[in-house]
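The two complexes that follow have chain A in common; it is paired with chain B in the first and with chain C in the second.
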Partner chain A sequence: MARNRLNKEWKEVQRNPDPDILLELDGDSFEQWRAVINGPQESPYEGGRFQLKILCSASYPYAAPQVSFETKVFHPNVNFNTGELCVDILKTDWSPAWTLQYVCRAVVSLLRDPNADSPLNCDAGNLLRSGDLRGFNSMARMYTIEHAMS
Partner chain B sequence: MAPAACLNFASMMGQGSSFLVTLSKPQQTPSGFSIRYNDEVLLVTRVWEDTPMDTWNREHPTRQVVYGSHVISVNGKRNIPEMIIALQESCNIRMEVARSLETELLDEMISRDRKMWNPLVEEVFNSLPERHCNCCKNTSCAVCLEDFDDEMVLQLPCKHAFHRDCISVWLLNRSTRCPLCNQVVDDSHWSWLGQRVTGCGSSAVYMALSWFVMV
Partner chain C sequence: MEDQEAVGPPVPVADLKVQYAENPDFKQKVEFLVDRFQHMRRARPDGSCFYRSYLFAIFEQMVGDKERALAFRERQKDALEFCLSVGYERMAIEDFFDDFMELLDAVSVEGATRATLEDLWTDEKDRYLVCWARVLTSAYLKRHEQDFACFLTAHSSVQQFCAQEVDPMTTEADHLQITALSSQLQVPVTVVYLDRSEGSAAEHPFAHDSTLPFTPIHLLYRPGHYDLIYPK
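Then we have the complex of A and B:
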């Protein structure tokens, strides 16, 4: 199932690419994918290109893919060291009707709308929760320039 | 301040500041929220969009009914079965609601039920109807992404359809919800199983259950 379905997704991505998402196979198997997403406009990530690593197990699409950032990003829902990210649709709210492209779009939305209530990066979460938007934006911007715009 | 007022304030605080909600709606129209209850509490789990309840929330931002809101009384009734009947049958609902501190209890009720009800009971899965794909809402299977091709497919109560083999893995192993709209596939099995459990005389199991209704 996983292979046929991913093959289908692969063809669909080639037919209808999303201008903000480059999604491609990483290697020969359908297990590992690589995505490059554009930081959303009017966010501190604008202009940055962020690489994601996507792993699909044999139980995909019944089990969610594992997604992590390869590019360092300062964001409350992304672990700064490991790149692990916390987003409902990859955990409890996963549905097999989601595709890898949808998942990438959800990650772009997460960059646009951080959720400070369940932080994996406490520093980023605390800045947002204390209302220091300026502090948060400048930290996120600095790391975007340093790691995602080279 | 008069002693009576103090007393009143204290009792309100005891209920986590209750407030009044009034809904008027045509007969047979649902109010638009889901509740979960056991013998002791009735808690709101979801408010559906474009319903009388949703409209109330938009018009009364300080008195919103949300996930975890605790319904204390309905039309003067404080006994839970009577409250549910009033919610289901009355056109004019007057609810006393508390901004609840009990969301932890609610989360626990839900996770306990998930453990008990997830995955879908096989009898319920087997009772789902097969339909010709032309009669269904969607034209392809959202699990394998293949278009339907003049074939029989399994239809869920929300009218979304899937290949039997594709959806069975999901519903029998992972979740009781439709992959497309997230609607719970079958609510009736809650009461069906509840009856079965009470029929066995196992009151301990029965007491552990909480119940789920949309009103």
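Then we have the complex of A and C:
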């Protein structure tokens, strides 16, 4: 299933690319993909381009793909050091009816709407939870300029 | 969990007597079940037991039965378009639909037997079919959002309910999911509850007003799990 399905997804993203998402194969196999997503407008990530690494096992789409940020990002749901991200649809809420493109869209939404509960980046989470939106935005902006806009 | 077959072979309902021998709370209800039902098939308890039991029984009723299969096929022929209309992506779900329809053809041909269905129901096929059943359930809920939204207690929208309680492969089915899927498939099903409450086992019918030529399927519900059960 994995190969056949990923082949379809590959053709589909070429036919119907999302303007905010560049999704492509990373290497010769369908196992490893690379995505570059645009930081959402009116967020501290605006203007940034964030690279994601996506790994699909042989049991994809029954098993969720593994997705992590390659670009450093300051966000409560992304581990600052490893790039690991915490989003429900990649964990408990994964469904085989979703696609890699759908996952990338969910990551863009996550950048737009950070979830301060159960953070992977406590500093980012604490700023948001304490209501210091200005502090959070300036930190996120600084890292975006430093790592995602060069 | 993977050790257990997705849908097991028929076993006598009387086996439940042994299982609940030490459990006086269930004794009366087990007696009732043994009086009324002949055998049961156990479904793998991984959260998808409702979907696979219900689908298996539907296909079982179409084994070698062209008339039923034709009526069911007619009802399902536009199901893929129906699911696409609520936002699913074709390439993500069309394989599940194709498999579903292929199995329909394979079991309804002349000479097919229950063994044909059991052989075709591999773990891989099971995953495809469960997926398809979940997509159908979600699509029906989303399309009839106004009818279902008022029943939500822990979710802010039907969309969210589907994303958290229907689409993920490990989530169990409850009243809303059963109502939605049985309404879409139009195959009558009765859920028989075996729990600690007083009296005989309660039964709850779904889609019993269907005009498709199927006899009601029976599912035995014990908290957190469904198995197939067959009346005498």
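The working rule: the second predicted complex is superposed on the first by the 150 of 150 C-alpha atoms of A that agree within 3 Å, B and C clash if a C-alpha of one lies under 4 Å from a C-alpha of the other, contacts with A are read in each partner's own complex, and residues count from 1 in each chain.
By definition in this document, a contact is a pair of C-beta atoms (placed from the backbone, for glycine too) under 8 Å apart; a residue touches a chain by one contact, two chains touch by 3 or more.
Keep in mind that this is a model prediction, so the values were computed, not measured.
J.: Sharing chain A, do chain B and chain C clash or fit in the superposition?
T.: clash
J.: If you stack the two complexes on chain A, which partner ends up touching A:P96: first (chain B), second (chain C), both, or neither?
T.: A:P96 sits against chain B and chain C alike.
J.: Looking only at contacts as defined up top, I'd like to know whether chain B or chain C touches more of chain A.
T.: Here the partner covering more residues of chain A is C.
J.: Is A:Y62 touching anything from chain B or chain C once the two structures are fitted on A? First, second, both or neither.
T.: A:Y62: touches chain B and chain C.
J.: Taking the superposition on A as described, I'd like to know which of chain B and chain C A:K8 touches: first, second, both or neither.
T.: The answer is both, since A:K8 touches chain B and chain C.
J.: So chain A touches chain B in one structure and chain C in the other; where do those two contact lists coincide?
T.: 1, 4-5, 8-9, 12, 61-62, 95-97, 99
J.: In the complex, go through chain A and note every residue touching chain C.
T.: Counting only chain A, the residues touching chain C are 1, 4-5, 8-9, 11-12, 61-62, 88-89, 92-99, 101-102.
J.: Flag every residue of chain A that touches chain B in the complex, lowest number first.
T.: So the residues of chain A touching chain B come out as 1, 4-5, 8-9, 12, 61-63, 95-97, 99.
J.: What part of chain B is in contact with chain A in the complex they form?
T.: Chain B reaches chain A through residues 142-146, 166, 169-170, 173-175, 177, 179-180, 182.
J.: Please output the residues of chain C touching chain A within their complex, sorted ascending.
T.: It comes out as residues 88-89, 91-93, 95-96, 124, 127, 131, 134-135, 163-164, 167-170.
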